[in-house]
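Lettered A, B, C and D in written order, each chain numbered from 1.
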Amino acid sequence: MDKRVADLEAALEGVEDGMSVMVGGFGGSGAPIELLHALIDRFRATGSPGRLTLINNNAGNGRVGIAAMIDAGMVERIICSFPRSADPRAFTERYLAGEIGLELVPQGTLAERIRAGGAGIPAFYTPAGLGTALAEGKPTARFEEKSYVLERWLKADVALIKAESADRLGNLTYRRAARNFSPLMAMAAALTIVQATRIVAPGQIDPEAVVTPGIFVDRVVEVPDPQQEEALMRAGVSH
Amino acid sequence: MKDNKLSNAQIAWRAAQDIADGAYVNLGIGFPEMVARFAPEGREAIFHTENGVLNFGEAPAEGEEDWDLINAGKKAITLKPGAAFFHHADSFAMVRGGHLDVAILGAYEVAETGDLANWSTGRGGVPAVGGAMDLVHGARRIAVVTEHVTKDGRPKLVERCSLPLTGVGCVTRVYTSLAVIDIDANRFVLREKLAHISLEALQALTGAKLVIEGGVSDLVVPEI
Amino acid sequence: MKDNKLSNAQIAWRAAQDIADGAYVNLGIGFPEMVARFAPEGREAIFHTENGVLNFGEAPAEGEEDWDLINAGKKAITLKPGAAFFHHADSFAMVRGGHLDVAILGAYEVAETGDLANWSTGRGGVPAVGGAMDLVHGARRIAVVTEHVTKDGRPKLVERCSLPLTGVGCVTRVYTSLAVIDIDANRFVLREKLAHISLEALQALTGAKLVIEGGVSDLVVPEI
Amino acid sequence: MDKRVADLEAALEGVEDGMSVMVGGFGGSGAPIELLHALIDRFRATGSPGRLTLINNNAGNGRVGIAAMIDAGMVERIICSFPRSADPRAFTERYLAGEIGLELVPQGTLAERIRAGGAGIPAFYTPAGLGTALAEGKPTARFEEKSYVLERWLKADVALIKAESADRLGNLTYRRAARNFSPLMAMAAALTIVQATRIVAPGQIDPEAVVTPGIFVDRVVEVPDPQQEEALMRAGVSH
């Protein structure tokens, strides 16, 4: 079993028009910049993949990563909890022009919906959002005299993940707070594509320290010295 | 004291005095983050951030940032010994599961019913909610730090919120630039106020009745 | 071949031949565990055990056991390079979330509808279910390895299960001591049978109609 | 903040008659033998705590641990997935005599119910058990043409956990497959009591490798060289 692929293009094979794509990261921490930029390059060269639904905590920052995908016109809709950022122009302009869809989800509900998608739990009750505009129209139920909102699982066609270490079986570790949504998204996508800062031999990752077991991973591509969204932003880089 | 009211730092200081030793605390994005600076001597609070860190410390020096080590406001942080990383589902298990002792959040409006509005100005633009709707139902105690009135002088403490709600009946204490107010049985119960403000003046700046119960202390904070 | 039927090891061998390279596999407690011994040359399967291990290997030598390293049957195991530990909720996320390619389970009865009964003999005593009810709804393919008939000669492949169900409509292939049978559209479709057994004899030992569709091959296994 | 306590007795303070007690472990791996035996010793000396509801994957083996608690007459009811074992006498005799209650729960549902208890999810849907005796009387619902059973969270008054390393803040690691239910139970109990093979200084456990963050832990007691249930069993030990 060898989930390694040679390059970003091979890693992204099969990401097509109209797909739902989970993108790991919280702000710039954990954003798989090289995978995103390779997808943009393909879109610019071939016109595909377009009409994507992105699932991320945020909606991009500056002119790189998710923001650059929006700028390129690849994104039809975003499911996120917090579409504001230091430089939210890309999303804001399209959103106010009615050119991009938004499903706003409370952050904990977003995380739990993705986990549920990966764990085979089609629906669960949560107190979050109860009595607010974000729960309008959703079923509610009472348990022990408290009311809760019924929320559905969230799955995706593809997950794009940035990891720290990986082996050929797809076992992953993450770097510090770059972990965030990535282990959940790896579980919830039909095709989980990982860029890892380093690929090591099986056994080199302590079995106790594996955060994402390989069963959740389909492809791994090594990207040494990955770019960091926040650093690119501050350097004024556009992709 | 500028303009006869507390600065944000002073409001944060006052809120910090109510954090018990050993408490697990989540601070909202922006001004509530300042609370962490004022933990009283001899008490150790452990701070949680939604994006998967427990027991983080001060911001690093400029130029020393590691952008994979940030808080929910996307600001660079540092770690204290005994920190832990975890993914978002575990992070919100801590929130939703009632494991946090207190969350201290900002507010657009707080109602005497404990309703909180702090995510949408209702004026169009781009809505954003983040973790606030989870926090208001998760932490054992929800406190708010806020100016007493809006920039144009309208009350932020009201009978019923006019803006889209974050949570229903969740806030139990409000630290404002003028007073400390508990919410109890759908009433604003005044606990402390700045000495120079009369009850009448404070009531005039408040959009719902202030109840007095068991006495009102002076709100005293250091110059910061 | 003893008694003109396959031994448990031979049934397990046959089931192992259908495991694809790179498959993630869960094996039921007891006789299904033998499947792991017969992975075909050149194919690498990764075995999952409910109690939180991926990529375990053979049993250790006697006296070399580490009792913190066991499988769901509480038998000592070893690790292969690239193993991972995880807690029970993550383990059953793998199961329930459809991440396993195949689960190979034992059975008291299998119905032509794909219903499986393998957790309770319905005769009182102490009931025990373990992970079977999760596995039957989780793995992409549910196969059964079993004697073709009970010890007292009654069919284990039936029209409707008489024992308490583990899962409804979940089994798609049964490897017995006499045959390999697919379950398709609520029918037992015979794929392979031991050469020396006539169709009529096999049907007589089976509690529901055996459908022939596209030919029946000889069930051939090595002496083990 | 210091969650360390001096001894097993101090660790177990407040465990009282009639409580629900989650016990970590799967068979012998992860069973907190010293905590269990200290509780038995207290029961023998004082007659308390009795009438306990135990939550564990199993129902004891041989004459030690949970089986010894049953033998001692402390256990009113067990919630578990698999009450059979190599030597299940203690449970089996009392169960067949009608002297102990049993709630049998599919193993994945048991794990998820405990996680839900810890995560503030009052109820969730699962396919497990659908159409079987174990789901009788439970609400069902259909999502995308498939039916699911509604299951409730499971919480407890106390969790008794065996960890490998711990620090004074309660951060924990586990040893190999001894992890199993313990991280979930630590989340789901009002009072989480941990016996750790070694207590280290804060920072000695890599923040990336913490399995149970300290927020879920109330007390930690050091038990070097802990006993292993399977080994005790094989040595024929009775407590």
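Simple rule for what comes next: a residue touches a chain if its C-beta (ideal position, glycine included) is under 8 Å from a C-beta of that chain, and two chains touch if they have at least 3 such contacts.
Since we're looking at a predicted model, the values are computed, not measured.
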Both-way neighbours, i.e. chains that touch chain C and touch chain A: D
Centroid-based (C-alpha) most distant chain relative to chain B: C
Distance between chain centroids, defined by C-alpha means - chain A, chain B (Å): 30
CA centroid of chain B to CA centroid of chain C, Å: 56
Between chain A and chain D, centroid-to-centroid distance (C-alpha), Å: 35
For chain C, residues that touch 2 or more chains besides their own: 85-86, 89, 92, 95-96, 137-138
Multi-chain contact residues (two or more partners), chain A: 112, 115, 119-121, 126-127, 174, 176, 207-208, 211
Overall pattern in which the protein chains touch one another (line/ring/star/complete/other): other
Listing of all chain pairs that touch each other, if any do: A-B, A-C, A-D, B-D, C-D
Chain C-facing residues of chain D, complex: 26-30, 57, 81-86, 88, 91-92, 95-96, 102, 104-112, 114-115, 126-134, 174-184, 211, 228-231
Residue ranges of chain C in contact with chain D within the complex: 49-53, 66-70, 74, 85-89, 91-92, 95-96, 120, 125-134, 137-138, 164-168
Complex interface listing, chain D residues touching chain B: 1, 115, 117-121, 167-169, 171, 187, 201-203, 205, 207-208, 210, 213-216
Chain A residues within the chain D interface of the complex: 112, 116, 119-127, 141, 143-144, 146, 148, 152, 173-174, 176, 206-209, 211
Of chain B, residues touching chain D in the complex: 21-22, 24, 44, 46, 48, 54-55, 79-86, 89-90, 92-100, 137-138
